[in-house]
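Here is the structure we will look at, set down as structure tokens.
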Amino acid sequence: MKSPTRTEIMTIVASRLLGDGSTCFVGIGIPSMAANLARLTHAPDVVLIYESGTIGAKPNILPLSIGDGELAETADTVVSTPEIFAYWLQGGRVDVGFLGAAQVDKFANLNSTVIGEYQTPKVRLPGAGGAPEIAALAKDTLIIINHDPRKLVERVDFITSPGYLDGGDARKKAGLKGGPSAVITDLGVLVPEVDSKELIVSQVHAGVTRDQIQEATGWELRFADQVTETEPPTELELTALRQLLERTEASRRQAS
Amino acid sequence: MSTSSISLAEAIRLHVSDGDSVALEGFTHLIPFAAGHEIIRQRRRDLTLVRLTPDLICDQLIGMGCAKKLVFSWGGHPGVGSLHRFRDAVEKAWPAPLEIDERSHAAMSAAYVAGAAGLPMAVLRGFVGSDLPNHNANIRFIECPFTQEKLAATPAINPDVAIIHAQKADRQGNVLLWGIVGVQKEIALAATRCIVTVEEIVDKLEAPPNACVLPAWTIDAICEVPGGAFPSYAHGYYERDNAAYLAWDAVSKSREQFTAWMDQHVLGTENFAEFRHQLAS
Amino acid sequence: MSTSSISLAEAIRLHVSDGDSVALEGFTHLIPFAAGHEIIRQRRRDLTLVRLTPDLICDQLIGMGCAKKLVFSWGGHPGVGSLHRFRDAVEKAWPAPLEIDERSHAAMSAAYVAGAAGLPMAVLRGFVGSDLPNHNANIRFIECPFTQEKLAATPAINPDVAIIHAQKADRQGNVLLWGIVGVQKEIALAATRCIVTVEEIVDKLEAPPNACVLPAWTIDAICEVPGGAFPSYAHGYYERDNAAYLAWDAVSKSREQFTAWMDQHVLGTENFAEFRHQLAS
Amino acid sequence: MKSPTRTEIMTIVASRLLGDGSTCFVGIGIPSMAANLARLTHAPDVVLIYESGTIGAKPNILPLSIGDGELAETADTVVSTPEIFAYWLQGGRVDVGFLGAAQVDKFANLNSTVIGEYQTPKVRLPGAGGAPEIAALAKDTLIIINHDPRKLVERVDFITSPGYLDGGDARKKAGLKGGPSAVITDLGVLVPEVDSKELIVSQVHAGVTRDQIQEATGWELRFADQVTETEPPTELELTALRQLLERTEASRRQAS
């Protein structure tokens, strides 16, 4: 079996963090890949909720968009967009929000709006979508992002979606519960330190050095007292992930 | 109380004027591409486009200079990345400056609900800790008179025109859609006028109980446009054309290539059927 | 994530306690009569009953002394007139005083929506010119921060327990209802716990697209009680028993006759099946 | 053909006021009877909306309750209770609200809450139901009530649903549009006077004297300059109404 790529490791590590039976509001892309991998491995009863209104979707292939027919056909129920946000997310029924972003900062705040100034952006990103309310209202948030010093930055250019804001009890003071419990990257896992809420490295993937991870991060990183090494992907995990991607590829080739 | 069907060109001529606010909805599903093209063909100007996910359809309208403003919550190319024409307008004011009213999906969908429900605003638990309220006066905070909690408020959206694509209408003009129904019922009811393109017009709707049905009297124009959601999909009729979506990235990257493509395929065709025929060949 | 079915007696024992607020909903259709009877059999006390239209089911619960408070918007006997037990409680405190929180259908249904949506209050255009706000502190007015219009606000309703009757559940515990769906989805999601009685449990739900479905993980107890909505109706299963409704007027008119009837038919039977059998003979 | 009863005349007169193609939010009882009679005679395209969520109901028999299966089966669409009030009534899509009440007063305010004091009622009535918002938000309201001095009173004990409040521009000042355009009784029709908004008699049914109508009214009645006599029910109207009632009776006998 081919050894796993960094992206595969990231996806598998993220999937492991999703508990069986939990309800997960899933962003498109790697979050969707990781959530479906969890469903196909250790968490068969995870409930996947997509912002397109599909609840309990069990796609056999990965959707390219957040509202592919595959999601609707395999869902337990399909509701309107207002309902998915009002009754299901805001109603407090989401255990885990699984998000990506263009930037994440030291206090796990997310930017998917602009690089540069809002009025005169250097890069105009797609924008908020469902993320501000997912990050605010899900009981827990998991963030997946590739390690890169322009992506993991000391302070995001724009807070689209709240992590721990200025750190410490700032999030709680703003009236929010929950908060991100982990940032999973292609190099390791960062978690918020208990009191300061600053992201610190708790786990590194096999073969990744501390220098490497520091170089790929836009602020001076701190490390947990006990940094663990990521358990290597099991054959089951790797096979399930690769078959999922193969099915997806095959289906896209066939369609076009 | 029946709405008889007319051509899409006629519907756009009658119901969409320069300067109108126009909501085109469909959450990845049933996106009214045919209607968007017809607006481009008829060279409407100064529109306020309203759409949660202004993807390819808005990229085309913006790039062709139809829009002066965009009300939106996520302006990306789903599963691919950037919308180049949208970015070019926001970052470099090409072909014209584009004013934006940017909210979130939760806020925009609640604003449509408020619009359909005759309320001036929507209330939600939203935007706490986000920088968006600092840049958009359409996001404010109010206090609950019972619990004193701080809640976000955003104005209702009541577009001049709503345009949606649905699977079916019957001969009386009652409309049925199913699958991912998005915010279509809400915008149809929130708007002053409503245009619906459908895959087919049938004798009997045969809607299942509690399906998403819009009675004929809520609709101003019904147009039979088979395939009118291409390259998005119509559940039960055809699938999303992922290849066409992926191809858009290259088509839209440069102003020149975009303009040439639109000239040839949209302005250079009489209607959506001809567009699809030309594209296929 | 599946909810296995239990007996109704067990469900009420587990999930309904003295002092709870209990919403029993069903807008003329799918009224959970069997569950109401079981609450009476188990002699629950000091309940806050919550129901838009507290018709016969609440008349019985109130007359049997189960309720200390009623949150409602229309307390009549549909098509007939008065609810005698409700009136006796409000007018003469028999068998016990009944506190009331009285709103309107629009306000109560919006309050359930707010409850399901995790908001502390509902906002509506309501109660203008009505005397109700003078007598209910749960109706207040707020100002829209965008238009300065005066709007009514009412607290969200989040009952301890929601009880509904539906047509079907599958073996995983997913629930399907159709026809007049009322506010059932909303109260199921607004409540802390939810009990659902169903006409039947089936292998496959076979829900049409966009039907009113409650996933198993939103429900705490599922009980198979065929005919559990009698004398109201279950669309697709049986019709409303109008004769039984009309007969209630005479049965409930006097305290003595009411008590005798309830003693014989409800307290004197083991369960709803026996009640129906006894009543039919 | 048997000559029409007063109730039949009231129902027929009310039905005539409902325009074809209008959308009508229908209360149960005589309002529902009149609205369906209109649909079966001069207004085949009237859209009947019941608060149970049935839109475009075309019942073949009269429902006993506002949510009979007959309504759902014949409707163009059936929506939830929150939706019917939010999107359809509050959304401004109702042309005519057709209401009954226990009491109506000189300024067409309606009481369906209590006789006596709210806290210590002499008679506790069913309550508001949908009426306060129907009376406030429908573009027009029609009220049907039997003429009786305890029902047509100078001032209702409790305003459940607003008519013209204290009269004059009181309703407008409260921020409400519309307002009742007619009160149809078994003796005649009362309409709000243009400026004062006081209900005055504009029409009397055949054979009804001014004294009779005054005796049956709880305040000193005024009469329009031109009081017309009700056009007698046509054979078509009477036949349609009686057949509707016969079908309804037959169906109830069969069911029980």
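As written, the chain order gives the labels A, B, C and D, with residue 1 at the start of each chain.
As a convention for this text, a residue touches a chain if its C-beta (ideal position, glycine included) is under 8 Å from a C-beta of that chain, and two chains touch if they have at least 3 such contacts.
Predicted, not measured: the structure shown is a model, and the values here were computed from it.
**Student:** Enter the minimum step count from subunit A to subunit C; a value of 1 means the two chains touch.
**Tutor:** When the steps are counted carefully, the minimum from subunit A to subunit C is 1.
**Student:** Per the definition at the top, count C-beta pairs in contact and tell me whether C-D or B-D has more.
**Tutor:** Top pair by contacting C-beta pairs is C-D.
**Student:** How big is the gap, in whole Å, between where the Cα atoms of subunit A centre and where those of subunit B centre?
**Tutor:** 28
**Student:** With chain centres defined as C-alpha means, what is the inter-centre distance between subunit B and subunit D in Å?
**Tutor:** Going by mean C-alpha positions, subunit B sits 41 Å from subunit D.
**Student:** Which whole number of Å gives the spacing of the CA centres of subunit A and subunit D?
**Tutor:** Between these chains, centre-to-centre, one finds 57 Å.
**Student:** Do you know which subunit C residues sit against two or more other chains?
**Tutor:** Residues 113, 118-119, 124-125, 149, 179, 181, 185-186, 209-212, 235 of subunit C touch two or more partner chains.
**Student:** Touching at least two other chains at once: which residues of subunit D meet that condition?
**Tutor:** Residues 72, 78, 86, 90, 137.
**Student:** Name the graph shape formed by the protein chains and their touching pairs; answer line, ring, star, complete or other.
**Tutor:** other
**Student:** Looking at the whole structure, which two-chain pairs count as touching?
**Tutor:** According to the stated criterion, the contacting chain pairs are A-B, A-C, B-C, B-D, C-D.
**Student:** What part of subunit B is in contact with subunit C in the complex they form?
**Tutor:** Contacts found on subunit B: 118-121, 123-125, 138, 140, 142, 144-147, 149, 151, 153, 155, 178-179, 181, 208-212, 235.
**Student:** Where on subunit C is subunit D touching in the complex?
**Tutor:** 27-29, 52-53, 72-76, 78-79, 82-83, 86-87, 90-91, 102-106, 109-110, 112-113, 124-132, 135, 149-150, 179-183, 185-186, 212, 233, 235, 239-243, 245
**Student:** Enumerate the contact residues on subunit D facing subunit B in the complex.
**Tutor:** 21, 23, 45, 47, 55-56, 72, 76-79, 86-87, 90-93, 137
**Student:** List the residues on subunit A that touch subunit B in their complex, please.
**Tutor:** So the residues of subunit A in touch with subunit B come to 28-29, 51-54, 63-69, 71-72, 78, 80-82, 85-86, 89-90, 109, 113, 118-119, 121-133, 136-137, 158-162, 165, 171, 174-176, 252, 255-256.
**Student:** Which residues of subunit B touch subunit D in their complex?
**Tutor:** It comes out as residues 1, 113, 116-119, 174, 185-186, 189, 207, 209-211, 213, 215, 217-218.
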